[in-house]
Amino acid sequence: MIWFNSDYSEGAHPEVLQKLMETNLVQTPGYGEDVYCMQAAKLIQKACGTEGVDVHFLVGGTQTNTTVIAAALRPYQGVIAAASGHINVHESGAIEATGHKVISLPGKDGKLTARQIADYVDWQANDESVEHIVQPKMVYISNPTELGTLYSKEELTEISRVCRQREVWLYLDGARLGYGLACRENDLTLPDLAQLCDVFYIGGTKVGALFGEAVVIGAEELKKDFRYHMKQRGGRLAKGRLLGLQFGVLFEDDLYFKISKHAAVLAEQIKDAFVEMGLNRFIDSPTNQQFAVLPDSVCKKLREKFEYEYWQRMDETHSAVRFCTSWATREEDVKALIEELKRLLAEEERG
Amino acid sequence: MIWFNSDYSEGAHPEVLQKLMETNLVQTPGYGEDVYCMQAAKLIQKACGTEGVDVHFLVGGTQTNTTVIAAALRPYQGVIAAASGHINVHESGAIEATGHKVISLPGKDGKLTARQIADYVDWQANDESVEHIVQPKMVYISNPTELGTLYSKEELTEISRVCRQREVWLYLDGARLGYGLACRENDLTLPDLAQLCDVFYIGGTKVGALFGEAVVIGAEELKKDFRYHMKQRGGRLAKGRLLGLQFGVLFEDDLYFKISKHAAVLAEQIKDAFVEMGLNRFIDSPTNQQFAVLPDSVCKKLREKFEYEYWQRMDETHSAVRFCTSWATREEDVKALIEELKRLLAEEERG
Amino acid sequence: MIWFNSDYSEGAHPEVLQKLMETNLVQTPGYGEDVYCMQAAKLIQKACGTEGVDVHFLVGGTQTNTTVIAAALRPYQGVIAAASGHINVHESGAIEATGHKVISLPGKDGKLTARQIADYVDWQANDESVEHIVQPKMVYISNPTELGTLYSKEELTEISRVCRQREVWLYLDGARLGYGLACRENDLTLPDLAQLCDVFYIGGTKVGALFGEAVVIGAEELKKDFRYHMKQRGGRLAKGRLLGLQFGVLFEDDLYFKISKHAAVLAEQIKDAFVEMGLNRFIDSPTNQQFAVLPDSVCKKLREKFEYEYWQRMDETHSAVRFCTSWATREEDVKALIEELKRLLAEEERG
Amino acid sequence: MIWFNSDYSEGAHPEVLQKLMETNLVQTPGYGEDVYCMQAAKLIQKACGTEGVDVHFLVGGTQTNTTVIAAALRPYQGVIAAASGHINVHESGAIEATGHKVISLPGKDGKLTARQIADYVDWQANDESVEHIVQPKMVYISNPTELGTLYSKEELTEISRVCRQREVWLYLDGARLGYGLACRENDLTLPDLAQLCDVFYIGGTKVGALFGEAVVIGAEELKKDFRYHMKQRGGRLAKGRLLGLQFGVLFEDDLYFKISKHAAVLAEQIKDAFVEMGLNRFIDSPTNQQFAVLPDSVCKKLREKFEYEYWQRMDETHSAVRFCTSWATREEDVKALIEELKRLLAEEERG
């Protein structure tokens, strides 16, 4: 069985593991106050083109979203997200558990527009019952989104502008950031993100690390006392060095970008094959998540050899499914997947 | 200036105030453990046709919704509501502040359907990532809704059925319940509600009391330790007797229903006039909230004498506005409103 | 049966009720945005000797404490209170329900000292694990305390000083403030409180109103968006005018102080009688709560005619009990209580 | 510099790392639903002597405490802990952030007694204002405690008995459990814990793992929907297999117990040396945390070569400090520490 269902099916990039082996018996202070975390933070600042950002390391995505959002908001404030946003659907109410409303707006292909955001914020601010309505004080976007789509530099710039005009924080969830930055269509860079967002995170779990997300905070007001928040939300790893070590490897010599590129290239092979096969792709994703609408019979047979993520029913006989590539995906597996799909679809056509 | 903007512009029905005067210096225990609360609870049980319900008195609607919902749910559970539901838009995130997601579904005229509820609950229960999605464990409906519409007995029976099949609590917000029960179109009774809902509340604030809402709990599991929840949410009034005294007056000799009928009759006069004037009514409400779409110029002039609630912009020159009647509305004021509107519309037509 | 168990056994001062009657059918906007609330706020500002304070009206004490504290703190911050403080023992965890730790320090007669506060705040700030310890950011004191004791002007000044040095908010719970200000030993005034505290509340529920507490906010940072917090915590009364009307009456012509004085004088009569009878007074309270240690047999017989608050067991045959006076207490009832106690104690002595 | 300040200064036991290397590119499902987690859970069930317990894996201690406690309590319920308990002092208010009061009772050497617990629970249950006081519904104890002390089987049995009589959950924090079970004085076993506690956790972070804690749930009521709680509190690791793999190694062939024994033996060497040197040991700990009261001058000089944990000031010239051993401590380092201490103390004596 070959797994394409997610981008977290394996352990870590071998260089990451190697580093953990080499440093295993070195003694360091705990809770991220070690030299490895400091070095990794500096590497990330460098990659972001500024020393004006704080960098903190957390273990996973839900924890990161919870900590960042709860740290930024006052009790009566909420966070705007696309209806398909991870915090709105797939975190078991973690944000609400900290007391905050996720204000969901209908997304287009998983994305929000600057106009939507401006309209919503202005509507609340000008309503007669303004104090009876949750105040939108943060915008959460994912890039790539949960549907694999990307924000362009122009789109993000415009979102940033409407947020700053209205004193609303802009937070970007980069669980799959590497796979976004590495794809052909992308025109954003880490320095762009550091400049346009108030806070964002660089995902490690899905991009080469055993686990770990690096939070990058640009806004002064959000920097204050962030470690208290991390501790309170269960997010200060005792052996914090493990996070520093991993991100140190990933951001030394651009490993993070190289392995992301690997996944992006393989995703493009899948995408090109889908186009060639004439498949309805459900959504046109430029990143490591590729979607296709398949006959249910093909889905079923495919699962004898390949694992994918079931996405949703399309009609009585077809379903949308997702295939992910990652730093660990092997080119021969991609080829095998494509061949098997072609074979099954041909078989299907013949009836 | 005559106010039609809301149904809480005055104090209390004179009989209610009279009772407070008469009993003012009587000494009682605090926190709702007095004889007046006991008597009022019995009267409400009687009106509900069963002694199998617990009755508790709280001060206001947001407090009541917060207390009931937080008492019923475990941390990972949420409450389904129509997007226009009061808890979703007008309580400053009070429900989320207790840690729970308000799962908003698109309403039709402010109402949810049994089908919508069933589909959503079944979707979550059957999703592969079930434990990553907030578990819907309560349905919140308002009756009348925030748009003045009503659930029929058939609709409520069907909602109750799908909820019970799925072990989901059904909670009905009756902030304006009297005005619903008293209107022509209504076919529901208090005993119906007591049977079909797991918990509901009978609104006093908008129906004759200075303040106060009576929570009626039918489901055994929800009865346990409810007073702890009330205290924790700031909802045990020290002089709890004030609530018992007011509901005692309202439910003695059907005063609650009589004064609701008064408001309903006047609302029908307004509605009939709107129809006669050929106004677009924005929504067809059978209860004490009446909506109309008016030219902005008429809105402006009307406000010289009459206060209404601005609802929303309809087009560049028209807006939807709301007029409320209540137990306190005077028939002559309704007549004056209708006349003024006719005059202004005629004036407008003449240009 | 005559009730001395609490100071909230009756309704409201007759002048308060009279005002509610007179204004009953006047129409006003809701949620405290009416002229009566504005007038009452002005009267309270005047009584506080400054227009630099914001005044908001809430319904009850637990709601007020919850709203003020949750509005002032960030998630990782806590509030210091005496172990006997109301928020620490008698609010069913309302403060914790908003996410904040009540940091309890041992009180002396229900009071905290400036030294205790300074030591605790300094200890946390200087601990190596500072970010692992809840940051104390507010001090909560009650005046009079839950044991009837009072802070002197010197004590409060010193507490205020250590708080301001350390950027810790000082919040004073004045549920029984009138009874403190009116007693012989008191040397504090409302202007003192407005100057020394960052926020405090003037209790109405126990001092002449049907219900209601007036929050007075001096610190600029705490003023921002307070009404959002009120709404979120269920504390914006729809007919907010009821609060404005009541406080308007209480602060017109010093009624609040006059009726407090009445209770203080009667409390002193009880206290003098206890001293005369040679009773152990459990705690030496100068305010409207008077404590005495009585033989259990006397307790039991006393309850045939008088209700008191059982406080705690002292030894196998004695208990501490509490008697409260209030604006509503009748002098003849105090005399009757004293006589009955004398009679029972004499009877007891004779065996 | 040699570090004795904590038991989490290094990475993982080499066998644990080896396993991570070997399995690195194996593909598995995420979120702990893989075969390694299943196997590890079975091994732990076996070590606990029962299949009647559920086993879940979380990343760290604060996260584990938060998740277990929030999953067990209703909003108005609290958890009893010794004042020195980790949840009361060193988790930045993580428990309160989920809405629950930590009810701190004075501990004796970091421990609670069955009597204390019974008295407190009975006091609350019988108070007249019972519903105004947080209901104690869980007891939290650490074993070993934060001061290195241990509960005996007799003590734990008695605590378990009083808890069950009163329907109060018993939860044991085993962050350092291995070091407790392995020490000379201990008479408790894992099967004892599984029988006496409703839920406990076996610490991995401090005992051989890179990170990870294994929650063992015995009480049926606490098992339900635990994974929802884990997700909501940010505690479902995407690559959950990492936890299963580590605990699998630790509980295969008793590695967990062997490496704990190693730390225990070295701790005893330190303890014996302290006794021999005639040092005041601050507290008499039988486990891997050893305390000593040292002259400040010795503390200062010692820090040139050895890191320890500063505990607290004892008098003007002495401080209590803590030394920890762990699975990773080298015997030669212990010897070096003892020699250096002897040398410094002798030097100090000579003046």
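For the reader, a short list of remarks on this structure follows.
Per-chain numbering from 1; labels A, B, C and D assigned in written order.
Following the convention adopted for this analysis, a contact is a pair of C-beta atoms (placed from the backbone, for glycine too) under 8 Å apart; a residue touches a chain by one contact, two chains touch by 3 or more.
All of these numbers come straight from a predicted model, not from anything done at the bench.
Of the two chain pairs shown, B-D and A-D, the one joined by more C-beta contacts is A-D.
Averaged C-alpha coordinates give centres for chain A and chain B that are 42 Å from one another. Chain centres here are Cα means. That of chain B falls 51 Å from that of chain D. For the pair chain A and chain D, the distance between mean C-alpha positions equals 34 Å. Counting only residues that touch two or more partner chains, chain A has 75-76, 91-93, 97-99, 131-132, 228, 231-232, 236.
Shown here, the protein chains touch in all possible pairs.
Those residues of chain C lying in contact with chain B across their complex are 1-3, 5-6, 8-12, 14, 17, 20-21, 23-30, 59-63, 66-67, 91-94, 97-98, 205-206, 210-211, 228, 231-239, 241-242, 307, 328.
The touching residues of chain C, counted against chain A in their complex, run 70-71, 74-76, 98-99, 131-132, 135, 225, 227-229, 231-232, 236.
Chain A makes touch with chain B in their complex at residues 75-78, 89-93, 96-102, 104, 128-129, 131-134, 310.
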